[in-house]
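You will see subunit A twice below: alongside subunit B first, and alongside subunit C after that.
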Partner chain A sequence: MTAARERRDPLARKKLRHVPSGLRSRAMHALSARAAQGRFALQACTECGTATHPPRNACPLCWGELAWTDQPSGAKVLCETTIRVSTDLYFREHMPWRMGKVLLDAGPVALVHLHAALHPDDRADVRMMIDRGGNAALFAVPAGDTDLMSDPQWREFIVPIEGRIVLVSDARNAVGRAMVKELHAKGAELVVAGLPGPALASDATDAVLTLDGVQAIALDVTDATSVAEAASRIGGPLDIVVNTARHVRAGGVSANPGFVEQRRAFEVSAMGLSRLASTFAPMLAGRPNGAFVDVLSSAALVGDAAQAGFAAAEAARHSLLQSLRHEMRGAGVRVMSVFTGPVDDADHQAVPPPKVAPARIAASVAEALLNGREQTCVGDVAQDTMERWLTDPALLAREKNL
Partner chain B sequence: MTDARTLIADLASAIAGGGIEIVDLTNLLSPDFPVIVLPSEFGQCEPFRMETVSRYDGNGPAWYWNNISMNEHTGTHFDAPAHWITGKDVPNGTVDAVSPQDFFAPAVVVDISAEAAADEDFIVTRPFLEAWEQANGPIPPRHWVLLRSDWSKRVGTLSYLNLRDDGAHSPGPDADAMRFLVHERDCVGLGVETVGTDAGQASHFDEPLPAHSILHGNGRFGLQCLTGLDRLPTFGAMIVAMPLKIKGGSGSPLRVAAMIPA
Partner chain C sequence: MSRAQAPYTGVAVCAPITVPYKRFSAEPAHWWAGRALRLLRQTAGLRPTDIDGFCFSSFSCGPDTAVGMTQHLGLTPRWLDHIPTGGASGVMALRRAARAVQCGDAELVVCLAADTNQIDSFRHSLAGFSRFSQDAVYPYGFGGPNATFALITDAYMREYGVTREDFGKLCVAQRANAGSNPLALQRKPLTLDAYMAARPIADPVHLFDCVMPCAGAEAFIVTTPERAEALGLKMAQILATIERHNAFPEDPVQLRGGWAMDIEGFWQTARITPAEVDTLQVYDDYPVIVAMQIEDLGFCNKGKVGEFIRANEFTIDRDLPLNTNGGQLSAGQAGAAGGFQNVTEGLRQILHMPLGDQVPAASIAAISGFGLVNYDRGVCTAAALLEALP
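Right, the complex of A and B next:
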């Protein structure tokens, strides 16, 4: 099907996208690193126990050492203000802008971005967000279930799916297929479903690929020509790329290395990501809420002797994503990592549970977009691996390769 | 006997000035040209890939060139005897060792296009070939046998590989037909328009993959993914098929051309 393309004045000068200033202290970057994980963590004094905010280098009360600890995210709104004028290029485009002070249940008073529905004395839930410039920002939303999306200020911190045009890089595998279904169900205007070859006669009658609002196109991330042709077929605006391509095969390093499979894993996971990013980044950069979501294995965090080539390729992918995040920051395009453990699909038949259902991964990607979360771990294996990696990467490397 | 020098001069002038027409039997070697798909438990054939090193730009201001990669059996390609286990001990069985004499051989074109159009799993049998000889004359020795199926006209569509839930569907020979061509007609090899010399469903035959097995076991060659066979006469075409000299290779993409009377 053909999507209704956005109408705009063809003579209007291209709109430049600005992002909030990225300059922060090292302590503030540490907060951003935790915010990226979706944690609500503040510094607390290891001696007197007082939680503190904004981030600093020593306890403001007793000069004790500070440690990052997860804290309750509840708060009470103390006061509000509306900013109508700013010299900041980003905020100028989004005036008026509401901010407020809240008393965090954790103790400190914090300056926060304020949801439209909040007023002084209201109970609030404070979300640790990543702003368009890539830095942590506190955003207070009403406690309980509220429609956050109606607030344009909130939409600046997340990636809406409804009405957007999305590319799923590999809709042939189980995760990609589930992703197409999920994004379509979440109201994407058009989901472009990339299909690596060989094309099958059954593609033309496939229940998911023939949904109204889904367009199947040939796309093979191992082929630069194919990626370029896919981009030319999409042509118009593209808001979100979800990269679901991967090549999972068992194999070691010296024992049963399977060089063909190992090379292919790198072609798909690492080079494939680069090909997608280099082709689609300019399209995403021109959009108000562009995002590049990569679904990668938690094997990226640590070598895995049983599938050494795959783990190495996913590690390369993880590394490239970090560089891509840096490159896209200036354009305000969010680069999101969704880590998963073994998936309950044809690639992991030999792996015992727990395995993650493809539909759950798809739901997590939608959730990551709608909450603007930079990093998500889906399922027990990915969550456990990430936790252990954050705690003691050297120990994890040993334990995973005993 | 005609003096060889005269012969070559005559050939050159016939190619240059008419008399002999050169027909290109090669498909475009492009990233999206389909490659054979094996059951997933086996290693797969890499398609053609091309990445630009420079194109009159910072990486090479005055020159354009690409890095390319592919399987030996990607695009229009040549199968050497060593491609198959039956041919592993055939002398000079790898592509670098094939005698250059074998790069030039006449061809006989067996038209199965009507049969293949009616039945995409059409099997060329010995009785079919015998009936064909009755109608067209005997297949001479040391010829390429080219199966014109018109399958090349499907390139660019799903029906070229013709993959379905139960595998690929395309025409090809059975074992008796292959033994007839190899032992009784002494063919140089078998050339086809499909992605393999064997039929799409040939792995399910009583004697699986007979074209590969019998051709290569007897030191004969295969040519696949040919096109333009409909432009060749039944008899009288001369095939020029020169695979790359890949050390120890099992086959090679190549340019195949035919000389035909203009």
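Right, the complex of A and C next:
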């Protein structure tokens, strides 16, 4: 079924999407790197323990060395303002803008984006968000359960699903199929489900593909013509792309390389991402909350001797994704990485648990969108791999390739 | 306890110069600096070889500094300084130049601040102002100084019960003072009703709480009394000065400035009390900072400035003539020159050579500077007491 689609005058002047200024110090980029992982981290002195903000290069109390440390996110609001005039093109479009100053439980004061319900002396929870320019920003929200989505400033930091139009690049595999179901359940106006390969008779009666608000289309990410045709069939606005395409096969490098499978893995993971990005990025860039979400294997981080070709293709995909994030920053389109370990699907029949259920990956993608989280690791394997990679990448590379 | 400050013996301050401000100027800071020196030539007969000390301040002279200015302007000084403290630069130039002259490192120092204001240059100078600003201030709505001082004003009003009407009274008085200053950019009388009805910029800061950025230059001479006399210049002496940076870093919000750390020694050194001051020239980027200086300089007790404002009048012929040229709020804020106009205006009033109306029988001026919002507060504070020499 196809829902009624919005149509635009192709000659109408496009609305320019501005983003906040991206100029930051190297120390601030370090904070952004931690914010991207969903951490609330500040620098703390390794000698006197004092936490500091904004990021510095020496402890202001004892000149000791600073190290990034997870901190409590509670705070008290000290003062507030509503900015009504700005020379910045992004904020001019979003006036009035509420900001304030908080005293963090961690010690320092910080300027923050201020939720509409917060006022001086209120208790707040400070979220470490990524702004539309791709940099860390502190957002104070009321402590406890609050409806954040009703605050227009908050919506600038996340990607709403409700009422949006989403493309799932490969709905044929288990993760993609779960993804379509999840996005539909979260209120997407239309989920376009890409189906590679020949159409199956069962597609016409598939419980997910026949849902109201789900549209199945032919889409093979290894074929540029197929991607272009899918884009023209979608035609109208597109808010979110979730790339679920992958080609998981075992195989080595010198022993049992399986060149056909290896080439296929690169065509899907790496070249497929490039084809999707080059075709759909301009569509996402025109939208107020555009996002490109990529589901990739944590094997991308350091390789995997047991499935060398697949891991290498995923590593290439990871690398391309980071460059895409850089390209999309200027357009305010969020590029999100959702890492997963082995999935509980047909591709991993020979792999022992723990494996991640496709539905759990789909739920994590939705959560990443709704929380504006740049990087997510789903399941024990991905989380463990990322933790070890952050701690000692050289050791992890040996462990994964023993 | 710090050591007692040595008196400024053998130092004369003279020749206040103001190059008439313009809202926007196509000319660079170098042109404005040249205009100030040209005015010094016309009023004091100075030639380049007469200047053996040069102290410069500017935000918009890039990529040049005081070094580049010497060659650009044909100076060969044996003492050179570049002061980056913005709104505190006038007093800081004064006290550095004074010690140079007193110790014989220079005999005649020209202190000069010049800044241009081109279309859109305010936005550009904001964007690269400081590392903390780009990392942790501008990303939060890019409200510029208006937002930073809105937060300080919000906290200050709440803490001390100061009202918008109190701030309005200061702004209205300064505008009345600007009425007689032909160089002030805004001279149209301002009523309290108009002040209160102005559009909000960053609550609780409204339109008439904000200065108007402009282009301009200010200068003065620090030399020996003998040299000043030979040049036929009226002169003043320095009774005391103070300077402080990053005071009270533990205060979560800036409700007091660095003056509060040093104020006791300031009045002791000068051997006068606030009651003996004839005119007060304070840095006025926003009225909350004017109020803070009135308290922290000792004109009233901390937390009592609301009552003090209600009980006093600040126009030229009344209780405490404040920012008698109109201040930056009415005369305009010419970048770093905005941090010099307190010195030049205070000097003019006690030397009885005003731009507009004269404060009757003025002989002592209190001058106060406040500069550079590096992050969430003004970092640099300074003050000086000047007395006319017969």
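By our rule, the second predicted complex is superposed on the first by the 393 of 402 C-alpha atoms of A that agree within 3 Å, B and C clash if a C-alpha of one lies under 4 Å from a C-alpha of the other, contacts with A are read in each partner's own complex, and residues count from 1 in each chain.
Note that contacts are C-beta pairs under 8 Å (C-beta built on N, C-alpha and C of every residue); 3 or more make two chains touch, one makes a residue touch a chain.
Just so it is clear, the structure is predicted and the values come from calculations on it, not from any experiment.
*Asks:* Looking at the overlay on subunit A, is there a clash between subunit B and subunit C, or do the two fit?
*Replies:* fit
*Asks:* Output check: A:Pro198 vs subunit B and subunit C. Expected answer is one of first, second, both, neither. What do you get?
*Replies:* After superposition on chain A, A:Pro198 lies in contact with subunit B alone.
*Asks:* Kindly classify A:Asp131 by the partners it touches after superposition: subunit B alone (first), subunit C alone (second), both, or neither?
*Replies:* After superposing on A, A:Asp131 lies in contact with subunit C but is clear of subunit B.
*Asks:* In the overlay, work out which of subunit B or subunit C sits against more residues of subunit A.
*Replies:* In the superposed model, C touches more residues of subunit A.
*Asks:* Can A:Ala30 be said to touch subunit B (first), subunit C (second), both, or neither?
*Replies:* A:Ala30: touches no partner chain.
*Asks:* Of the two partner chains, subunit B (first) and subunit C (second), which one does A:Ser21 touch, if any: first, second, both, or neither?
*Replies:* Second partner only.
*Asks:* Where does A:Val260 make contact in the superposed view: on subunit B (first), on subunit C (second), on both, or on neither?
*Replies:* The answer is first: A:Val260 touches subunit B but not subunit C.
*Asks:* Looking at the overlay, does A:Glu80 come into contact with subunit B only (first), subunit C only (second), both, or neither?
*Replies:* Second partner only, subunit C.
*Asks:* Can you report the vertex angle at subunit A, computed from the C-alpha centres of the three chains with subunit B and subunit C as the arms, to the nearest 10 degrees?
*Replies:* The vertex angle at subunit A equals 140 degrees.
*Asks:* Give one of first, second, both or neither to describe whether A:Thr225 is in contact with subunit B, with subunit C, with both, or with none.
*Replies:* Only subunit B; A:Thr225 stays clear of subunit C.
*Asks:* Report, in whole Å, the shortest distance between any C-alpha atom of subunit B and any C-alpha atom of subunit C after the two complexes are superposed.
*Replies:* Minimum C-alpha separation, subunit B to subunit C, in the superposed model is 37 Å.
*Asks:* In the complex formed with subunit A, which residues of subunit B make contact?
*Replies:* My answer: residues 30-32, 34-35, 37, 43-44, 46-47, 49-51, 158-159, 161-165.
*Asks:* Once bound in the complex, which stretches of subunit A touch subunit B?
*Replies:* 197-204, 218, 220, 222-226, 260-261, 264
*Asks:* What does subunit C use to touch subunit A in their complex?
*Replies:* 122-123, 126-128, 131-132, 134-144, 146-147, 150-152, 154-155, 158, 199-205, 249, 252-253, 375-376
*Asks:* If we count contacts the way the header does, which residues on subunit A are in touch with subunit C in the complex?
*Replies:* Where subunit A meets subunit C, its residues are 20-21, 23-25, 27-28, 53-55, 60, 78-88, 90-91, 97-101, 103, 109-113, 120, 131, 133, 135, 137.
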